[in-house]
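Accompanying notes for the structure given below.
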Amino acid sequence: MPSRIVCFGEVLLRLGAPGRQMLLQSPAFEVHVGGAEANVAVSLAHFGHEAAQVGVLPDNPLGAAAAGELRRHGVDTRALRSRPGRMGLYFLVPGAIHRPSEVLYDRAGSAFAVAEPSDYDWPSLLAGADWLHLSGVTPALGQRAADAAIAAATAARAAGVKVSFDGNYRTKLWDAWKGDAPGLLRRIIDNADILFADHRDIAVVLGKEFAQADSESRVDAAAAAAFEAFPRLGRLATTLRTQHSVDHHALSARMLSRDGQTHQTGSHEISPIVDRIGAGDSFAAGVLHGLISGQSDEDALRFGLAASCLKHSLPGDFNLLGVEDVRAFVKQGRFDVRR
Amino acid sequence: MPSRIVCFGEVLLRLGAPGRQMLLQSPAFEVHVGGAEANVAVSLAHFGHEAAQVGVLPDNPLGAAAAGELRRHGVDTRALRSRPGRMGLYFLVPGAIHRPSEVLYDRAGSAFAVAEPSDYDWPSLLAGADWLHLSGVTPALGQRAADAAIAAATAARAAGVKVSFDGNYRTKLWDAWKGDAPGLLRRIIDNADILFADHRDIAVVLGKEFAQADSESRVDAAAAAAFEAFPRLGRLATTLRTQHSVDHHALSARMLSRDGQTHQTGSHEISPIVDRIGAGDSFAAGVLHGLISGQSDEDALRFGLAASCLKHSLPGDFNLLGVEDVRAFVKQGRFDVRR
Amino acid sequence: MPSRIVCFGEVLLRLGAPGRQMLLQSPAFEVHVGGAEANVAVSLAHFGHEAAQVGVLPDNPLGAAAAGELRRHGVDTRALRSRPGRMGLYFLVPGAIHRPSEVLYDRAGSAFAVAEPSDYDWPSLLAGADWLHLSGVTPALGQRAADAAIAAATAARAAGVKVSFDGNYRTKLWDAWKGDAPGLLRRIIDNADILFADHRDIAVVLGKEFAQADSESRVDAAAAAAFEAFPRLGRLATTLRTQHSVDHHALSARMLSRDGQTHQTGSHEISPIVDRIGAGDSFAAGVLHGLISGQSDEDALRFGLAASCLKHSLPGDFNLLGVEDVRAFVKQGRFDVRR
Amino acid sequence: MPSRIVCFGEVLLRLGAPGRQMLLQSPAFEVHVGGAEANVAVSLAHFGHEAAQVGVLPDNPLGAAAAGELRRHGVDTRALRSRPGRMGLYFLVPGAIHRPSEVLYDRAGSAFAVAEPSDYDWPSLLAGADWLHLSGVTPALGQRAADAAIAAATAARAAGVKVSFDGNYRTKLWDAWKGDAPGLLRRIIDNADILFADHRDIAVVLGKEFAQADSESRVDAAAAAAFEAFPRLGRLATTLRTQHSVDHHALSARMLSRDGQTHQTGSHEISPIVDRIGAGDSFAAGVLHGLISGQSDEDALRFGLAASCLKHSLPGDFNLLGVEDVRAFVKQGRFDVRR
Amino acid sequence: MPSRIVCFGEVLLRLGAPGRQMLLQSPAFEVHVGGAEANVAVSLAHFGHEAAQVGVLPDNPLGAAAAGELRRHGVDTRALRSRPGRMGLYFLVPGAIHRPSEVLYDRAGSAFAVAEPSDYDWPSLLAGADWLHLSGVTPALGQRAADAAIAAATAARAAGVKVSFDGNYRTKLWDAWKGDAPGLLRRIIDNADILFADHRDIAVVLGKEFAQADSESRVDAAAAAAFEAFPRLGRLATTLRTQHSVDHHALSARMLSRDGQTHQTGSHEISPIVDRIGAGDSFAAGVLHGLISGQSDEDALRFGLAASCLKHSLPGDFNLLGVEDVRAFVKQGRFDVRR
Amino acid sequence: MPSRIVCFGEVLLRLGAPGRQMLLQSPAFEVHVGGAEANVAVSLAHFGHEAAQVGVLPDNPLGAAAAGELRRHGVDTRALRSRPGRMGLYFLVPGAIHRPSEVLYDRAGSAFAVAEPSDYDWPSLLAGADWLHLSGVTPALGQRAADAAIAAATAARAAGVKVSFDGNYRTKLWDAWKGDAPGLLRRIIDNADILFADHRDIAVVLGKEFAQADSESRVDAAAAAAFEAFPRLGRLATTLRTQHSVDHHALSARMLSRDGQTHQTGSHEISPIVDRIGAGDSFAAGVLHGLISGQSDEDALRFGLAASCLKHSLPGDFNLLGVEDVRAFVKQGRFDVRR
């Protein structure tokens, strides 16, 4: 039986240069709809769940188009509100080889960013939900968005809705309004059942450094600190990414739980990468699917990693693959044409 | 000998849906660089003049690309400044038949809009200039931009640089910040030698209605009122546009001067329109070219009208045609392939 | 309060040559989702109604994508079923000037065409519906589809759901299986409250000729015959199309009712046509919207005509415009850029 | 039974700006294969004839691709030779409204232009042919090409192969090498059975002016002079083109024969023009088809005119329509979608 | 001296999603013409042979376009017949990294599939031929196609035309009509001189398992079984493909002959793959070219492998490279720009 | 303080097949502006220098567009002259995997190639310059261009402007006019301060072979010979390129100076290559930037290598990256998305 997951966050338009070009090297943009939480919603919808997006979009054709794109992928958009304001945008310069991709945010003053916390009637929005998914991008957008995220997490906790939180720490966004990242993030994570975060996210939140020699140890130390700081937190999961070049990464995943279990997957070589944006959101969606559908932690972690790897093969922010596609990779990894 | 014309205003990116589609009907935008005053600068550069753009662009790849596009068309961009802020955008839904084109502005908070008037050292910026060209879009962007435009016009007047002003009244922009359009516009027009405006622009500025039966009479009445209100104003010119459908307009032009001359051209059928954006700016550039290069008022008006008509045949905001192209249409209007 | 309209029919992919080319003149197809009844559903959804599509799509990525496209435009797709079979396709050669557009159907053996009538549980599918919309394309697809359409119309009549039927007579489809068009169509129309049809449709159904000198008289005679033959039929509406060239049509509309009223609109010149496909479906959706929302017959007819005219300005099979867009044209017809 | 027509001339690549843009306004070219005589060959092949192209192409991938494109359309390319040299090119700026299209030739030094007349073994090349088609573009390319064209026409005459010649006078090409246009053209036309030419072509060839008031009289006077000057010439045919704008022409056709018959068609409005290039070649191919297939002069002329009109609806240099498509327009001119 | 090779099979259109997208992720298809046997014909034509395609295409613009595409690449299409029916299609989802490409066949009811065996007059079709090439796709399409393939092979054997057969076992196609794959394939292979097949193909045909530890041993065992079962079979050749990821394969080749010779090439790394479709057909064409042109078995095998490797670098189903291109790779493998 | 570098050479249009296709596999060209010396000018302009292009372009829209493109990227184009003649072109077949990219030059008879040496007033053109950059492509174009390059180098030497020369030996170009490459190149290099060349370039110039076992030794021997032959030459720099496949190269760099210093960088793996054209020019620009801005030889070499590596990630001939982008790679090489 499908679960209902409510995702709260900003839906954005990505305007990307085509074909590894610089921005406006030729006079066109390829457009994708995205947003950290919407990416999770779309992936969960493709996994067969009832995923709903909560948020505010501008009352103009761009907002309508973005909502339509979510609907196209099976997301319940009935709770999205139209308000005055502009559409949140980001421009993407797709990188290659040794030239990193660059994201240029243009989301200040968006309808989402200027929405009032009182615009959200959380008890009603969460009615019937099994999970609430949030990410650290939302509080980074400003005080109003941070307050709304805290309200959402608190309401979920009160209503018995489980809370999933993806760290997604974005320095530039926090710096732009000099928000109190640690304080605000702690108020959200305090309600979280599962946290998608690496040691850098935890370092920001707890004001500690994790300087262990290898990344696994840093994650483990960060997880231990998180479990201590957040007594309701059950699990912490993260991918571990090695970057050989812009086009070639290797990815593994690690999940720890309060009860002391640690699961670590093997590593997959990902090359040549088609589109890396949204890979973290795909991981979160994959792990959530695994947990929701009753997989063991180990299987859920492997499912999440496979989903994340597969996302790199798809243009756009969304992971459009279904459960069978992900399972096929988990099971065997066959790579010839399927006819 | 070419003249030097300084154009002051915001440079924008147009993001348009391809091929008469609705916004995001397919996931791509065609991008053009534009802006009322930049359009004039580009056209004057193609007419062989020394045209310089003054303004502020964001210190990011979009701003750099926009400046590059002006440079590509021969505009002197050395006075453009890079400042923090976002790039001014507008989204264009290209219309057809009975469905009007729509412009969705997204320029709030742009680097240009938030620039300080003190950012512009007008005596230096106007050194060596013969003309300053401004339009009513700039003061409509907010108090800072309005102040800058007034400062520019005043400095030009003081320095003996002639001032050209294009009304370009945009209700939505003024309404967004509840600016005192009449008061601010009057302070600019007070310095203008030539005004591109129709009776609606004058009505706003002077708070009068011009309800004559035909459009020529309304223009004449508005011009008379303008000459009375602005003692330094020498000429008023405007196109008269009849709209049979979105794709089929007819265009004539009218110019009046303080000394009582009135010139009226014949009308050209324009069908099917390729791109109507920037046609008014092309008219202004054409008339300015005519006057600057010593044509009679009548010839300058016909040149301006021809330039405006020809703009409708070109995708994008800019008129890319040269003096010979415009003259060929003024003289004869031959329409078969030139081999 | 929005009404619920159930549309039953095949959802198709249109594969069209780009830019007025012949098929495969260059190696690409532009793809649109369409289908006579789905076009009505999409338009009604954009008019704010609760429009649901009923039918069968293949259980493959093409079927899923087609359903997603309907959902994107706000259509309720929960009743669409996935079944083995192929996706119905049509290839479009876009015409120009004196060269007519051509449709090449490739829908034999589609999942819709081979669906069993028993696949549709009409009482359940029609629960809560105000209207059922059908068209003559469905029975033309074969005996199974014809039986399903008859069952739908009959069930609607039984359940007090009003029935709208659009003639859409397609000779080639009927000829392909030598179906008894008159007999089958009569069984559907027998249940119809409103019929969108011209004299040619009625001639087929009733086996009569309507050879009056002018098209208005032919429609009137056909309507009279229809009202006589189908005692439950309340209204007959049609557009009257004059074709000056492939790119230039003129369109008016006529509606007659059983109580003897006749409404005739003025004529609109439509030039240059962007995409004529779906214009009839837009007319039906517009008239239905008018009637459903309580407009007078005259206003509903004018609304339907305006919707149909506006469709010609949009690429693809769907009319994506909303009530305000249509009303703006009905009221005034202003054709300059809206800023 | 199909006839065999040998077409001799240069095959070119057209590099055109997309979508009514100026050259390199955006960084792409749309490519078409063309050439006055190849256009005739392609059209005749689509009309069901055995059409062969004779000429020289560069021994590089561009030459191979051009030959392949002719073959794709059914032209016999076995007699095309590969030789060192470059590919003949032309750049097309597609015009619109009042801005004429422009052709920028870049064919100097092409493999065709530098081919030796001795490269062509005319008796062998003409074996089995019913007609040889040439145009005035070939001798305009230089002395070698002119000599080859004269040799071809002379050989055809000697072998009893009928000769068709299309004037196609191109001032720029003749001026570039200061060739003796009248002298060279006369030596070709001396062998022609049918001449596609208007009064301007004849004026060049005979050094006379035709200054009659209307175009029909000018054609008639030119034809009379041509029949007198060229005793073997049987027919002269031409289109008469009225240009309302770049997008809207009207076209009729006129044919005169040595025995004193004059045929004049009605006029067709052509709007909006998709691609005017090759319309004259389509006329020639249409008239030739008519004559070859035993139509009366009047019918052949109407067929040629219809073919030429229809060409305006097709992107590229070629008329891709078949006999039935042309006949459908001649007979009735129906303009709605064919389903 | 070129040989004449007759290829018999269905010509298909490939409709592929652009740029690694999912089907209809954006609304466009890239179109290629293909088909296992047509791919061989095109490659052999580019190698300088007289390659003819035999088969049936629908009597519509798609069929005509497909034939034109073959002609463009030098294939003799005079024996292709036009018949009622639909065009065989396949949809391609291009994979990447860990996401396999997927082929969605849509060829049921195609003009080829419903053609009668009696439509083919084999003695006439094979007149003058040196080789007949067939593949296992054709009998998989249904009884009629299987009968035609058997008739072709038998007629070739009778006429002294050598027979080449490529296994190309497609489970989905055979399953769709529950055809007797082993029985039908045996009747074709019985006439084959050369068989392109791996151990899986032979396993199907002979109903045996080949479970040797390494792929070379499996091929050897299968070849031995095939030589025993088919006394006229002279050679068996296959590629051996290792799949590191969707974008990175390694390819070697192995050929065995009845007289006991075994040839094995080295392995080439192929990364990143541009288009893997048609690589097997390119191998067959390359080996056939080698054998036909008198190369040793070892050289023919290396030529075939090189041709297959190179195909991976070309978009579309066809290998468009010529003998010199393939030789350049066989000889040296230099990878910098050739200027 | 920025330096002024004058680059002298031909500006070309690249017409490339899109997406790894063969030329005209689909009917489109992607267009880029390039040219060995212009590439250097563009890169230096992006590095913040005052880079000026000297040369001749055709007096047509293509020449104007090419100049505009240089201007767009900040190059001073005021010294470019418009003259009769054609635009120099090259066609690019983009390779992949084992299929090398191919350049098909089409620059014979270009306005640059036919320009008179007297067209260049070198003292004036070099006034204020710090460096003159030339390459071996220019003298390869014919005697006139060779004479101009020699005159430029001589004038620079006389005026105290440093001279940079990039070998760029192109056999096909020299062979086409049988020019005396060694003699002409020596007269240029005689004036050079820095030479970008490998052992093959030196071998041509000095008529010696360098057959040492490894490439470093060959470069060292060639450098020694060059320092001996050209007493004013201060430095020789080159990249060392290992080609694993068309898509995967490894690149290091080596620079030697007259005073006996040798610097060798480490090697970077470059995979998958987006566009290799212009990588050598980017190296030259990078090294020049380093030297001009006072870096040590070692740092300049590493900067040049980084610039060259990064160029492989950008479509087109130009390196559009700035100093900070290059430094980021030199310093650390981080490859994840920058947000």
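Chains: A, B, C, D, E and F, in written order; residue numbering restarts at 1 for each.
In the analysis below, a contact is a pair of C-beta atoms (placed from the backbone, for glycine too) under 8 Å apart; a residue touches a chain by one contact, two chains touch by 3 or more.
Keep in mind the model is a prediction, meaning the values are calculated, not measured.
Listed here as common contacts of subunit C and subunit D: A, B, E, F. Both subunit B and subunit F are touched by A, C, D, E. Spacing of subunit B relative to subunit C, judged by their CA centroids, is 45 angstrom.
If each chain is reduced to the centroid of its CA atoms, subunit D and subunit E end up 42 Å from each other. In subunit A, the residues touching two or more other chains are 22, 27, 69, 272.
Viewed as a network of touching protein chains, the structure reduces to a complete graph with every chain in contact with every other. Listing the residues of subunit D that touch subunit E in their complex gives 68-69, 71-74.
For subunit A in complex with subunit B, the residues that touch the partner chain are 13, 15, 22-24, 27-32, 60-62, 65-66, 69, 86-87, 91, 93, 104, 106, 108-109. Listing the residues of subunit D that touch subunit B in their complex gives 19-22, 25, 95-103, 105, 170, 172, 241, 243-249, 272, 276-277.
Contacts from subunit E toward subunit F in the complex involve residues 268-274, 306, 309-310, 312-316, 320-321, 325, 329, 333-339. The touching residues of subunit D, counted against subunit A in their complex, run 26-27.
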